[in-house]
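The next block holds one structure in the form of structure tokens; read it before the comments.
By letter and in written order, the chains are A, B, C and D; residue numbering begins at 1 in each of them.
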């Protein structure tokens, strides 16, 4: 992963660092030690682990670069490394939920200790350009984990029969209100440029900005809604093999999919979905959420359209046309991050596999493991979700998950 | 499971009930909420779950027998039922570590609430004979879970790179002290009786007392020691297929067994083992612990002897001969339960499959699910371990685990 | 495995050897090379493999004992060893169906070659006592594989949508004919002896003959019939957890069991079962076949009775009382072996785990791996089935399979 | 899948049909029934199945389109359908090796019968345009299966300890001869066109021809050789995580990869590889074969280069520059198809995921299931292999396999 120039002034970076760290603390403030300990599946991690791992990143790449630095605890390097092979051996990923020590209080102390040391160095102006770039990278890294933390928490809590509430929500939209009608935006084809142009922070995988050829395309002005997905379900969408990719049909049969993740239908309550505010009635006008790429692809085929490529998506998002979610209720998913979302309410699956851009270069050293090594059998999502930190959302951002993943806040937008 | 007569006086049962409940609380007093939440494998359960489940047993079978009783929380019935099919659906066993709510504090309140209500009824003398028998059964059930709790905790903590200490231990025996020499006790054959005679509490699977024919046998006067097991290891015991049952050799290859569970060998520290007091040097004179039936069987074959049957074991234990462990250090495994052990320091695998005694009867209703339904592909262990509550150990007790299990405090005694 | 004395005269052994070998050839005469090649599950083996493996046994243990013997093909030692660790490495069991070379014709030539050499030595009287005992053992070994061959073939053919016929059958019994009424034989308890007394051939696991104590018991005079099993099915037998062992209920849910293996129910044909003569109507009066121990145990509980122990079974079978199957139609399962069955039409699950008899000794060397090493997590079946060679059936014979196995010709007899 | 126009004259199509069918027969002429029956892994199929399935394709899509047609055997429709959900239920893929009936002789008769009927209709000119297009498609389909048949056969035979020879080979190249030196071809960037232009047959996934933007690139003039791969191995290529995609490193550890599939190293013979002519010394100058995409990607990173995209590959292959394999020994892999190869000796992994071209349309009906439904988590290979029928190789052809597949004849070519 490479950092950009010009670099923001050190004073600003200190503010940003403090702000990002404080947000993580706000997100976990109301979670008990019990809530922060388990891991509900291999792909997810405990909240406690996210808090420690994001701290480890600053310790490993910023503080430990100083040869005189003495690690707070050598075990943390083993426990809280995620996948950086270059840094050394690490605790097995599937067993993160079994690390009961250090506990939540020790992790909080670890956070505070590392945070103070980084902040001191930032305030004193003793960090060199490389270290400053790594602090900035660490802030973005922590924002990414803030979203993962909420995804993982939702997955964990959803399995509890009491369907717990993470954050109270005052009111709900009318479940039966009509969605915004579907309109299409026409984009004329031609040679265009996509990718990060270098003016602000971006991950390595958003670079280099490069030329690409697009044909004419229409892109939907809003995301697919729950109302439309209910039509798909009612039309036998999950029972018709001809609508599905081969892997999709296999997943339907293997996992018994018959609706998006967290949806449930029973006689008393009709359709409901599990949210970070507990189980709630399904709101027809909201963007559909927690569908896999395989489902998004089948839906698009059923609708007689297709998913946009990520090139089309970025051209559309950069075009000045209105680009939004369904009902635009930023409180919907997580009130605690209200008002921060600008690009849409759910991530949008694209037709594109996650591959390097032409001319892509991997950064030197361990941070270079960041993005490039996942470029196999993953699919690109674009935009952002209601739980994405506003400062982490940008038009060139490339999110990615395997085709069958459903625990991200993932929906779709159609193209034709 | 059937209860015995004559029944102890109600006053005594109240004391016993309070004592058993208090011991569970002592065992978990120093565990953090984090320590009490995860599940390290499907066969193990979180400490929090053990505390809630043993409480649920009293609520379900004693309090809820009263038609006017209103359950504290209907979700608890679903969450804390272990395997009683007759009681209704239950939370999946492999996902017990994901139940973050209720948390430890709520479980403590649940314990207190149910405990008070049961104690009140015991004090008031309002429970009928059946209910009193179920209180007594519940006490034994809770003692059984006290041992499981420690087994499961040890397994959980062992996976942590920091090798945590559950309970401090002041001193250690000399790791190289010589074991007690091996002597044999001769038992003449003939028609004998084994099984519970009905004078005190016993589980259903210990009944009825019945006649059995034994041939002459010699039984070792002490358990196999770590020193002897090290000889087996040094002699290639884990690399010689001719010593093993077919399932045993398959397990060696599948799991990569090369020593008992928790043992480790490295250049700096030699042989060590993980204990509830952290990782410690292996003590040669102590009974070997955490071996599977498959290993115990291979060891016996290597030694030119065999395991006793459970009939031989019980005849031996009832014979008045000295029956003890290796070094007789009751502090070894868990000082918190020091001085309570009389039958030996580790459970002893026998040659017997876990099957019903002639004339075995299953009790009516849900409590009848207790023991009989596990009588398939399990092996009997006899005696008790250092972590077994003294009041839970008796000469007719039949413990059982699958042949490849190693997380119980299991060792062996030879016969010839 | 140990052989018995007095040894039969050499001339007789040659006759027996030829007879056994010829029977294998008869059994596979009508099978195509395609039929003899695949393996339908890990536990089963190709017909071609059975033919080669039984031959390898004679080559390895009889011919190769002669230092001057030059093996026909060194690869055969690797390919056709079954589980004798002492003999060396071997082809992985689950991949036996992928060995296309040697083909059927080469296997036939291998059979003929080894057969001739063994017969020559038998005729010439050049084999010593040990070698003669091994020839006799090899004959019994081959008879055992004759039965396995038919079991495995049935399993393989059953998966083919055309439901092939292995052997034509002229006529069928009336599917609705009433079974023989159920009567009980009373056996008085006391000290009794079971196990092989040494007058003829027996496997090592049938020895030594030993004393055992039995209580009074009634044993059913005939096996459980299809008619009775249909009542169990109709009474919700496969849907009531209280009837099942814990492992049994898990198997019902995992495998979706709702009737014995090979049974099928459809609207047009009612209940049918797949046989070596293709799919046929279920005959009510015949003994139920292809049930697991777990099902047999649940059935017995449903019926208010239990399975006999193997000690009870043998005492009963030795008692002079009538001991037979259901309808006594020896043509039912496999006409090619008609008239050879005396002990019953299906093997009978007992309540006993497969364990060594008191005083059991394992033979020296590789043949010692024969029976003892499987004495873990298996259940004893007694009697014989319609496909068992008559000369392989005896009252002390101990057959064994895992609790969930259903591809043996296994049924049950009740006790009370 | 759609067919092209103008259509070849019917007379020519009959010739082609006969030729393709005869080639399948030649390929299996020397295989025993045993060789043609098993399936060595789920992804592979028995030779017998390939022969029947390619015939079923003509029966289902050409003959059965005639309402008066009576299928030869209704079971064949179930047994020999591969994955066409629209056609109906089918035999489970993983169990193709257990279909012993119909046998090889019946399959041959089935082939002859269907072949005669199709040929008669072709000769009589009674097939309409759609049917003729399907005959042509069926010929290409059968050619594709000819290659699969050889891949699957090689995989099956490789597991046999005798390392069988499918086809004799007279001579070998010098294992130590030096490869052709590596040269690079420069391609200037710009707007270019790729995809099938419509003049001959092509699969649906090669269409439509479309514009794409390419940057400047150098493409290697020959494929990577065994000599180069040996350097990669010697340099710790399989032990250095920094060279691998995350999925690649996981595969290395899970499967224990340390060299391409079929390679073996031992002290006596050095490096050898299994071929359709048995095990042979590795020839340094030949193109490396049987590497996965994950290995190809790691190799390219090690070499400091990358894989070309499929757009770059096609632009290069269409450029008039020399495009060949390593040593150009067409006899290397399978002498029986000597002289038919023009595009190279092994397929070449590209950097591209297998996705629809812009404007891709799926054909109506069951044949439309042909290619589009596999467009997920697969990688594109271009070119052809020594075992690819010459008439099946073309510059626009898009082959595809999962990233970890190694049983195709797959190698690589570098770009920079």
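Definition applied: a contact is a pair of C-beta atoms (placed from the backbone, for glycine too) under 8 Å apart; a residue touches a chain by one contact, two chains touch by 3 or more.
In UniProt terms the chains read A, B, C, D = Ergothioneine biosynthesis protein EgtB.
Everything numeric in this text was worked out from a predicted model, so none of it was measured.
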Identity of the chain that, by mean CA position, is farthest from subunit C: A
Geometric centre distance via CA averages, subunit D-subunit A, whole Å: 38
CA centroid of subunit C to CA centroid of subunit D, Å: 46
Interchain centroid distance [CA atoms averaged], subunit B/subunit D, Å: 59
Junction residues of subunit C, two or more chains touched: none
Graph class of chain-chain contacts, one of line, ring, star, complete, other: ring
Pairs of chains in contact (touch as defined earlier), listed by label: A-B, A-D, B-C, C-D
Residue numbers on subunit D that touch subunit C, as the complex places them: 32-38, 40, 48, 75, 78-79, 91, 95, 97-101, 103-104, 156-157, 159-162, 164
Subunit A-touching residues of subunit D, taken from the complex the two chains share: 83, 85-86, 191, 210-213, 215, 241-242, 244-249, 293-294, 297, 351-353, 355-356, 358-359, 369, 373-377, 403
